[in-house]
Amino acid sequence: MEAIILQVLNGLDKGSAYALIALGLTLIFGTLGVVNFAHGALFMIGAFCAVTLSRILTLSHTIVDETQKDFLGNPLKVEVPYVYDWFGQATGDVIIDWAVPLSILFAIPVMVAIGVLMERGLIKHFYKRPHADQILVTFGLAIVLQEIIKYYYGANPIPTPAPSAFVGSFDFGTMLGFEANQIIYPYWRIIYFAFAAIIIGAVFAFLQFTTFGMVVRAGMADRETVQLLGINIDKRFTLMFGIAAAVAGLAGVMYTPINSPNYHMGMDFLVLSFVVVVVGGMGSLPGAVLAGFVLGILESFASMREVLAILPGLNQIIIYLVAIIILLTRPRGLMGRKGVMED
Amino acid sequence: MSKMTLSRRGVLTTGAAAGAGLALPTYLPAASHAGFTNAPTGSTVTLGFNVPQTGPYADEGADELRAYELAVEHLNGGGDGGLMNTFSSKALQGNGILGKKVEYVTGDTQTKSDAARASARSMIEKDGAVMITGGSSSGVAVAVQALCQEAGVIFMAGLTHSNDTTGKDKKANGFRHFFNSYMSGAALAPILGANYGTDRKAYHLTADYNWGYTTEEAVRTSTEAIGWETVAAVKTPLTQTDFSSYIAPVLQSGADVLVLNHYGGNMVNSLTNAVQFGLRDKLVNNKNFEIVVPLYSRLMAKGAGANVKGIFGSTNWHWSLQDEGSKAFVQSFGTKYGFPPSQAAHTCYVQAMLYADAVERAGSFNPCAVAEALEDFEFDGMGNGPTLYRAEDHQCFKDVLVVKGKENPTSDFDLLEIVEVTPTSQVTYDASIFGGELGTCNPGA
Amino acid sequence: MLGLEAKDFRLLILVAILTMAAPFLLNPFPEGSGLAQFNAGYPDLMQRFVIFGIFAIGFNILFGLTGYLSFGHAAFLGVGSYAAIWMMKLLTMNVIPAIIVSVIVAGIFSLAVGWISLRRSGIYFSILTLAFAQMSYSLAYSVLTPITGGETGLQPKVNDPRILDGALTEGGTPKANLFGLEMGSSIEWGVGNWLFTFNAGYYVAAIVMLAAFYLSIRIFRSPFGMMLRAVKSNQQRLNYTGLNAKPYTLAAFVISGMYAGLAGGLMVAMDTQVGAERMFWTASGEVVLMSILGGVGTLIGPVLGAGAIKYMENILSKINSDILHTWFAFLPDGLEDFVVTLIYPFIGKGWHLTLGLIFMAVVIFLPGGLVEGGQRIARLFGRKKKSTDTPDGKTTPAE
Amino acid sequence: MGILEVKNVGKRFGGLQALGDVNLSVTENTVHAIIGPNGAGKSTLLNCLVGKLIPDTGSVMFDGQSVLGRKPYEINQMGISRVFQTPEIFGDLSVMENMMIPCFAKRDGSFRPNAFMDMFKDREIVERAEQMLEEMNMADARNDNAATMSRGNKRRLEIGMCLAQEPRLLLLDEPTAGMARADTNNTIDLLKQIKEERDITISIIEHDMHVVFSLAERITVLAQGTPLVEDTPDNIKGHPKVREAYLGETQDAA
């Protein structure tokens, strides 16, 4: 029982990460009809926004400490962050400690700008081109982006911890009357889940309740008619691309304490997020979110040792196996619309 | 048809000389005169440094390449001579190898066996490399080692920790300086017993591929021997990035130690996740919950950041060792690059030196002569104390380091501290236990 | 000739001449010169060119003709490779049974995958194929280790049974051969400072590639090929013209799967080793990129694309800063360093960056891939503007 | 007994009864038009005839055989060809290739993996396709890319492709929709010519009354999913029920 509750929690947490990335992907696909293989790269860049900000906050000058020696026996050079000089060590430490949450503010404008720039500079020219061309150009872009990041940040993962206030985990078990330590869950992952829920909710509300959103939704359904009505849908779509980029970027920022970011994390997520989107049904936002959670939960259950004892290797293939079964029983995924990306 | 299996360099200069003033093209039955593949005939000898330059281990590969460049510099008489000064064998003169200037070519393994073999073949076929070295995974090491056996060149393995490399997949032309899973287990167990007691329940998370299996096996066997109980062992996919669903059930199992048989990105992520879950703050069975990482590398420690603090693991070498060899290497490397070398850099540097020394002692580049010179070669002064290159399986036997994540690191490189130098005798095993067939050396051609 | 139109026959002859003369053409620079770095005329790379050429030709029969984008073709290549290596371990080091069995096994596997995947079309089909391939990869790497060797893969061992072969000579290693002709054996020919290598394995692979290429021309020009193009063009019309699209696409899928298996078998024949990462999704993606880069649906495009990508992977990645410094040594010191710094990010460990930039450049400026680039150059030099091109610059499908 | 017998066909989409209880009999070698206001169920009915939809109730018999449950390509092989509202041709292929495909389909059936023969060396097919192009007055456009043709010519090609299969029943779904007047007249002339020259039954769904009254011998009026009346064109013209059904709709030709 405890094990099952725990894996549901895990599934929700994993699912929220999948759903968040898939949401942005679907947003771009639904509005612009573009298959964006660079979406994983946007997620990765978001994560590196957090890395960059923490680097900025820890910008240092060196002082030579004669009392200590470095590995060559020379006097040790100690790095002192400028924030220590400006705010004192205690405040400085707090600021550095909170780098990841602060990065959200930093990442939003950066990601929207990158998204808009990408759309105007490149993607715009590919609306009418075959999907194969879109795949090639965005894949090329993804490689270029990740190589740039690798050039500046190296290939090794960079630890980007959560603020120390969120270290440790919350004991759900005692709340539900189980023994202590049976159902524990890290604070940061709970925050991640809540954050994902808020972002997903915000995107839906935005599309549902604002005029802007209504126009975009109408445009997703029938672009030509909306254009005939004299509405400049292009401008709105550009902004949607920016928003989608920001959603991916924020997912990346918040993910950094969970896994240390590295330059290829986008590629690692790319295939998975496409599977999620397709299982959800191309072009369906609720489908993408639902599929994210379904796959997240099933993946968690497949990783239980009780399950693996019966079916060894199930954890290796579960996502793909589920994808195959769903696509064979529901031709257009969970909530896909007819005629989208079927030719 | 005359047979030539993968060779080039020998022909090249002869061909050029013969073809020089002649209008007629020279037909050359390939390098049969040399007696072995890519016999260097000019004033230079080419070595092939095959390291990951792209992919997740690119930084490790970059460090390996730095070490090789340093080794080449020292072999050719440049720099401060590095470990040549402390090496017990004094065959190397700093005038290249056998008087030939050392040149090198580099390639990208991408940490994929296909790409690694393609790169190695291009070094052998195109550039005339007479020895291939480097790499950052056992899959690559085994694949390239088999290729070198076929082609008739020497392979000096880089970072490869699986028992298989000098176990079931061992080859007469391949040599490994790095330690292996078995040694990790043998070295770790006593320290774990001393620090955590002999009444412990261990939970293993194991990367689901060959290296993971051998490491789990080694750690299990050696810890069970000191009285630990293995509660469960769960295999995790190589492509896994989020290990939460594997870590969450650990506490429910009643285990009080978590062993992460993971390497590279897997290890960074699983350790980060485990610490996130607050496992190390828990009290289970009235004992502090502990985490163990059988194989450490500095780059992984760097990736996991503060999460490694106080966590035990093993490593081949560490720059804080105080023997003369290690100090000389750190000095040399640190002066050139500004930071201390990693264990990958050390093992690669030493491999290049050992190869050069063996050639000098054998008086020939012939792989069979080199192999003979390396087999049962005992040396000292290269870090890790007295070392034996065992003839039966071409595995180095030397001290193994047990390390622990440092509580108060002073820099990005100062993340681990040495807890114990496990003596060679404690990690030596019988050569036959892993099976495999060494075969006989192949000089090619 | 050979049942081909004059134009196609000329193309086949051209390709035949190019492949046969590859040891010369790919080694244009004298040994020891700074540009020798760009020589690609060594056995391994030449073999890779033709093997990936076969893979891409086969992929193009599916993707180029029917428009079905498979993201899982590397699985067939991998399965073919495993079949071949097992033949070499169990039966004989002769490459013939290995290659034949690899084609058959890949054909059977692709029939099963295709039969299921072709129930869906568009991106749903792509994801189904991707899912099958990823499952194959994951299982081969982990739980199937006893059959596949897992991480360390499979190589022929001295003590494998090999029931058809005689015992190895003492100290010998098992080597792939064609009735005694070793795949690794070469003849070298030195002319002045040039050195040309004629490798037996390469010529075996090249002849197989020519046969595969010839077969693909025949398929392109056949009624079957036209039906496949009709599937891509308008499946609705095809159905209402009394034609059943499913067996046509399935046949195309199996044929391209067998081509992939052939490529996999040849890879083992040339270099006797298999690793599971041969089936990873990036390997499937690579053949898609090869086709698009070269020119989807054209006869020669995929071969060009395969060559371009393999060339970059093997040549660019080997250039290091030392070599750059040698090249630009003639420049004044400061300038030399500056130029090297400028180029360095794009070579050696930065070769992925160059690859990404080339993908983008090709798809932005040459929508028809390298083939279109060639046509544009030809047009530039040709006297008259060709008028048969369609207005949007798309190449005619069967060129 | 007509060549096409539709009995009690009904089709429901969720809450919408698209077809109520349709009975229809098309006599061999006639031109039978089905007209009706928007949403009357014309297209649904057509889709039920060609296998795209399966009706919930009733039966559809073609030449004494049921078509229900058969795939579109099987129904086509039985002798029913369909012309779409927007011309459906193989846009990436040349005009000649477009014409060869139905010729192959007629001769070789629904699947024949003939992968090793040059299609242009198949004399029988080439001659047949050339003859059809000749008849359609398209011989000059032989090597053009089909996608580049005018809409009128695409329509002409599509009809030609259907005729190349020598169908017994030709179904046309608003064949002149969106066409300029000149193209519409050309199409009418073409259909008239076909009717005169061939033993063929034509069933046409049309909005444009000018087309209907130029061609049809019998007309069925469909409204709200059920046939209102079936009669000759002259009788339909003044029929009160038809006026009622079309009330409020602009009538361009009637």
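To keep things simple, chains are lettered A, B, C and D as they appear, and every chain counts its residues starting from 1.
What we mean here is this: contacts are C-beta pairs under 8 Å (C-beta built on N, C-alpha and C of every residue); 3 or more make two chains touch, one makes a residue touch a chain.
Everything numeric in this text was worked out from a predicted model, so none of it was measured.
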item: Separation of chain D from chain A in steps, with touching chains one step apart; value: 2
item: Highest-count interface - the chain pair sharing the most C-beta contacts; value: B-C
item: Chain occupying the most central position, where position means C-alpha average; value: C
item: Where chain C and chain D are represented by their mean Cα positions, the distance between them in whole Å; value: 46
item: Interchain centroid distance [CA atoms averaged], chain B/chain C, Å; value: 32
item: Chain A and chain B: spacing of chain centres that average the CA atoms, whole Å; value: 35
item: Chain centre separation in whole Å, for chain D relative to chain B (CA means); value: 73
item: Touching two or more other chains - residues of chain A; value: 312-313, 316
item: Residues of chain B engaged with two or more neighbouring chains; value: 58, 208, 235, 237, 239
item: Multi-chain contact sites of chain C, meaning residues that touch two or more partners; value: 138, 141-143, 352
item: Inter-chain touch pairs (all); value: A-B, A-C, B-C, C-D
item: Contact set on chain C toward chain A in their complex; value: 63, 67, 69, 116, 119-124, 127-128, 130-132, 134-135, 138-139, 141-144, 235, 281, 285, 288-289, 292-293, 296, 345, 350, 352-353, 355-360, 362-364, 367
item: Residue ranges of chain D in contact with chain C within the complex; value: 50, 71-73, 76-77, 81-82, 84, 88-93, 97, 100-102, 104-106, 108-122, 125, 145, 147-148, 161, 165
item: Contact footprint of chain C on chain A as seen in their complex; value: 35, 122, 125, 129, 131-133, 135-137, 139-144, 146-148, 151, 271, 274-275, 278-279, 282, 312-313, 316-317, 320-321, 323-324, 327-328, 331-333, 341-343
item: Complex contacts: residues of chain C adjacent to chain B; value: 31-32, 39, 42-45, 48, 138, 141-143, 145, 149-153, 155, 157-159, 170-171, 173, 175, 181-182, 184-193, 195, 197, 200, 267, 271-273, 275, 277-278, 313-314, 317-318, 320, 348-349, 351-352
item: Partner chain C, residues of chain B touching it in the complex; value: 1-6, 8, 11-12, 14-16, 18-20, 25-30, 53-54, 58, 61-62, 105-108, 112-115, 117-119, 121-122, 125-126, 137-139, 142-143, 146-147, 149-151, 162, 164, 169, 208-211, 213, 235, 237-239, 437, 439-442
